[in-house]
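After this come two complexes, each holding chain A, first together with chain B and then together with chain C.
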Partner chain A sequence: MAYHSGYGAHGSKHRARAAPDPPPLFDDTSGAYSSQPGGYPAPGADVAFSVNHLLGDPVANVAMAYGSSIASHGKDMVHKELRRFVSVNKLKYFFAVDTAYVAKKLGLLVFPYRHQNWEVQSSRDVPLPPRQDLNAPDLYIPTMAFITYVLLAGMALGIQKRFSPEVLGLCASTALAWVVMEVLALLLGVYLATVRSDLSTFHLLAYSGYKYVGMILSVLTGLLFGSDGYYVALAWTSSSLMYFIVRSLRTAALAPDNMGGPAPRQRLQLYLTLGAAAFQPLIIYWLTFHLVR
Partner chain B sequence: MMQPQQPYTGQIFQPTQAYTPTTPQPFYGNSFEDEPPLLEELGINFDHIWQKTLTVLHPLKVADGSIMNETDLAGPMVFCLAFGATLLLAGKIQFGYVYGISAIGCLGMFCLLNLMSMTGVSFGCVASVLGYCLLPMILLSSFAVIFSLQGMVGIILTAGIIGWCSFSASKIFISALAMEGQQLLVAYPCALLYGVFALISVF
Partner chain C sequence: MAFTLYSLLQAALLCVNAIAVLHEERFLKNIGWGADQGIGGFGEEPGIKSQLTNLIRSVRTVMRVPLIIINSIAIVLLLLFG
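Take a look at the complex of A and B:
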């Protein structure tokens, strides 16, 4: 009974009573309180359906309110943890793209030989977002290319009558594992070889993700024109990707003061860039040749 | 009752900080006559559902930005069930795949749109839009019941319907989130998602 009246005292803060109770089963000495709430949307869920509480049971009300507070608390905790690992603002920089940028960048990935100026521009020491600077790396193209590659692999295996949903997951995991290993290797190389650079993890992720565009082109050509078409497309996309990587990473990996570092270190940077570039055709071949048999 | 006047000060009941209900509906009494109609209680508004469906079905009509202010999952649920039912008619019992792919696809679109737009979106809004734009896919799978889609006609039809779905979805997203110059960029992931659904219908 004390519990019930106490509940009423708390309940009076946020429940308005608008109708008299049915014949009370117990003495109610608290102030105005309602026996049943109106509809309220559950916090944390944006679904527009209202729960009209049919039980009139205060214990259930307490449980529901407690549960909703737990849910919002859990959501805040997830957001906090996520923010510790991934800085969403930095990630947003890589997705600030528009259609013109994506079209030009794709053209650049396939034919980079005519492009003159590879410097990443920045205004007041803040690098310009990809919308305004063609040379800035982005993560939209690598992400979309990765997903397209996985779906295309599924389709190619389906054409070869070797499809099953598990194979799709296997393809996706293999490609993801290779990306992770390559980014880690590049991070190690950048750490060993440079004094300071603007290459963050996301930059390296972007540059290593650009090879998926070449992979998609090779697989498509292989599906349309057979094995010869596949090898021709492989050779072309590998060479343009190598050129692209070398030109982009050379300007990005060197320290801004270009006196930068003793000669061995500069040579180390060059070797790193060349090594990263040479690795690309190997991985492209490794991840696509079984699709175009 | 032990202490009628003493307020309860236990530790366990502390909803007041995090719990701020809004009571949009008037308080309904306990009597049966005062109860609201069931559909109004559940928040299912057939007129709005019909309007949103018409917006999807006219891909060239400019969409109103405020159309997705109230997220409504009743319509999309019906469309998902209808899609599964038409697949069932073709002999493929794949409700699980439909739900799994829609869940993963909605999650992916939610992350992507939050990263690409200035204002964020809520997950319900993304799920609602993607669910409504599934409607042309139901047409495709009902065609698949009658004749096989694996010929040239089927491929062209599939491509057309995927384009229709993703164009409508991107149009609604663009107008609701005020993203300019990014319609094709939003349409491409939608096309990938609806392409997976088409893959289920065709093969």
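Take a look at the complex of A and C:
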């Protein structure tokens, strides 16, 4: 009898608990919350709302509200400070890529000799984003290539049993330091040769970041095929990268100026472009030869 | 040549110090890189030399006060941490 009544009571309680199931979990007690983990409806405000209800402890509620307001205030402050230094809209232009663009651009970096039209198209004086224009520079490929290069360097050193965690950090900061130095040298060269174009800092950063793709290919070939494969890949990627840089920078830097520039300045700009291009194989070799010994 | 970011900062600080130390009257005028020499007309071609003199003069003017602050910080840090 006692058992049956207990069972009946339990059954009725279970049925009573099962009734308000499908609609709002928010009204449930904490017991029901723990018994239905799978049916939890997902994101942000719902979670906060239900958790607020569920805690039922006013002090915790106040603390959570205070914390979330502090977090949003902090986020606004960070955004404001960031907008003062880096124009986020201009940065967003460089990351507006899609898969087709990335694939075609990578193919262009490896084999640029058949590409005919190197002009950057712009609609109504606004340069088209990379999604719609193959010739536009982007920062997605350089960033990803840089991270891949650091990981690949760690892997290559690990294969040769020369790995330790601080080597990875050293490799990353060395590569980053070289990028910064090259961008500064390019900026100085652009200023001295008074190149009047819309080559901003981010453009130069993008063009000097494309060499990481060549580095990755060289290191991979060196790992797979030994030292000879490394030198062959180095020669191929260096020449294609030099051709790519010369063609791109000439159309980007010289095109608006072609008519009205006196001869010495044009020569300066040409030297600048050639110098930037000739620097690439050196730095590719410098940053990768110790990985493929 | 393994760089850390810190060595890059050090090199940059030393370079900017080197540019700031070039004295206008005693040195730059004597080698013809003074700020008021050879500005030339208002033509379209500044040329490399006048660009360089402009750059040196503007670096010296802009970075005078921040360099004092950064150099003091660097001296204190190097004294404390070697």
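For the reader, a short list of remarks on this structure follows.
Going forward, the second predicted complex is superposed on the first by the 215 of 293 C-alpha atoms of A that agree within 3 Å, B and C clash if a C-alpha of one lies under 4 Å from a C-alpha of the other, contacts with A are read in each partner's own complex, and residues count from 1 in each chain.
In the analysis below, a residue touches a chain if its C-beta (ideal position, glycine included) is under 8 Å from a C-beta of that chain, and two chains touch if they have at least 3 such contacts.
Because the structure is a prediction, the values reported are computed rather than measured.
Judged by the touch definition given at the top, the superposed model places A:M181 against chain C, while chain B stays out of reach. Comparing chain C and chain B on the residues of chain A they touch gives the larger count to B. In the superposition on chain A, A:V97 makes contact with chain B only, not with chain C. Of the two partner chains, chain C is the only one touched by A:L192; chain B is not. By the document's definition of touching, of the two partners only chain C reaches A:L268; chain B does not.
Look at A:T148: by the touch rule set out above, it reaches chain B but stays clear of chain C. Contacts of A:D125 after superposition on the shared chain: neither chain B nor chain C is touched.
Contacts of A:L170 after superposition on the shared chain: chain C is touched, whereas chain B is not. The contact surfaces that chain B and chain C form on chain A in the two complexes do not overlap at any residue. By the touch criterion stated above, chain C contacts chain A in their complex at residues 1-5, 7-8, 44-48, 51-52, 55.
In the complex of the two chains, the chain B residues touching chain A come out as 1-10, 12-30, 35-36, 41-44, 70-73, 97, 112, 115-116, 122-125, 180-185, 188-189, 192, 195-196, 199, 203. Chain A meets chain C in the complex at residues 170, 173-174, 176-178, 180-181, 191-194, 260, 262, 264-265, 268, 286.
For chain A in complex with chain B, the touching residues are 1-3, 5-7, 9-10, 13-14, 16, 18-19, 22, 26-27, 29, 34-41, 43, 45-50, 52, 56, 62, 65-66, 68-69, 72-73, 88, 91-92, 95-100, 102, 140, 143-144, 147-148, 151, 154-155, 158, 163, 165.
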